[in-house]
Amino acid sequence: MANLMEDDVFRTFTTYAAIVIVKMMLMGPMTAYYRFTRGSFSNEEDVARKSAEERKKMLRTHPDVERVRRCHQNDLENIVPFVVVGLLYALTGPELSAALLHFRIFAGSRIFHTIAYICPLPQPSRALSWLTGMGVTLSMAYKILSTVLLL
Amino acid sequence: MANLMEDDVFRTFTTYAAIVIVKMMLMGPMTAYYRFTRGSFSNEEDVARKSAEERKKMLRTHPDVERVRRCHQNDLENIVPFVVVGLLYALTGPELSAALLHFRIFAGSRIFHTIAYICPLPQPSRALSWLTGMGVTLSMAYKILSTVLLL
Amino acid sequence: MANLMEDDVFRTFTTYAAIVIVKMMLMGPMTAYYRFTRGSFSNEEDVARKSAEERKKMLRTHPDVERVRRCHQNDLENIVPFVVVGLLYALTGPELSAALLHFRIFAGSRIFHTIAYICPLPQPSRALSWLTGMGVTLSMAYKILSTVLLL
């Protein structure tokens, strides 16, 4: 049990995985914050206490809310693969320095991606941070497949 | 290999992870059920055997289908982080009683969340069950980071 | 550490998990490709260099882009559960032949699902490949729960 957590590569992976997953989860409360401040909801029961006229207005989409939701969706599409591939990568016994490089670049690129998406910063800042994160995950997947391939 | 499954905390995690993942997967067939009973599809090929007029009608969205899809999306955003964080948490060697408390509250809150979303129950039942689940995952993430932090 | 990767079932799982995750990740670049060739974007900053009139046109949705996005979403809803359940399944010590059967059918069914969705092939090809993948994951979840259940 504890022997996995005695391994430095696995501890490093655990740290960065927890950080990026928590970052992804915080997009949920951020969506809720934008929904309340912009007055844009998806469900009838969320605006049940309002007058009929207000309700109709509040059930429309708002560009700021949709932006946060797209950012959250992009996290799901990129952070979840990173965590899965990173876990298996950590188990293939890579060098600590190589593993740290992968995890740090990924975490940095995804935090920058969120800033670039929400502000928003001019392109290609968002595109490049997305490509960087994807490159890290594909690099780890390549390492996995070249080490343990058994079809 | 088998030594992970000899650990009671890991076995408990495995059980609850399987339960919440299966619960999440069942949203797929439920969406299909609502699509057929409400006659609301997204793809031309899904309604290929119908007349041109019927086809047009059946390619519109329906509020009940969209509701199930939002519930499924919320599961993806919350259950996947729970499973990842819970796995790493189980490997940090927590007390069995503490682990059980986390896993049971999470599973209960997500099952209640689905009921509150689909029925739907009046707010804040859905909001509270969502916050409860998120609190459990963040609590486990805090435990992980305070135990194995290695940046 | 390395002892997990010395286990043939776990190595097989690692291989197939990496393959289906990489397959899922490639839907991201494919979406980008369709966005550029069809001229359909979601964010103001993505079309900042165009004239006001062109911008308005390019911020509309396009059916081909939406199709790829639905396929990506379906991958998230099915491949992520497979990876999580498959990891726990591999740790319960199944027969190598049984594990290989599950992983191979799943990987095949999801690759076929993507082809059936993007081309698109006439139904029920997409529905059947979706059901096949789901059946594999549920079969592994059943094996897990019948082996290690501890509530």
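Letters A, B and C mark the chains as written, and numbering starts fresh at 1 in each.
One rule holds for everything that comes next: contacts are C-beta pairs under 8 Å (C-beta built on N, C-alpha and C of every residue); 3 or more make two chains touch, one makes a residue touch a chain.
Since this is a predicted model, take the numbers as computed values, not measurements.
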{"item": "Relative orientation of copies chain A and chain C, as a Cα rotation angle in degrees, nearest 5", "value": "120"}
{"item": "Residue-number overlap at the chain A/chain B interface, same or different (half cut)", "value": "different"}
{"item": "Between chain B and chain A, distance of the C-alpha-averaged centres to the nearest whole Å", "value": "17"}
{"item": "Contacts with two or more other chains, residues of chain A listed in rising order", "value": "4, 76, 80"}
{"item": "In the complex, chain A residues that touch chain C", "value": "3-4, 7, 9-10, 66-67, 70, 76-78, 80-81, 84-85, 88, 91-93, 120-123, 126, 130, 134, 137-138, 141, 144-145, 147-151"}
{"item": "Interfacial residue positions of chain A with respect to chain B in the complex", "value": "1-2, 4-5, 8, 11-12, 14-19, 21-22, 24-25, 27-29, 42-46, 48, 72, 76, 80, 83"}
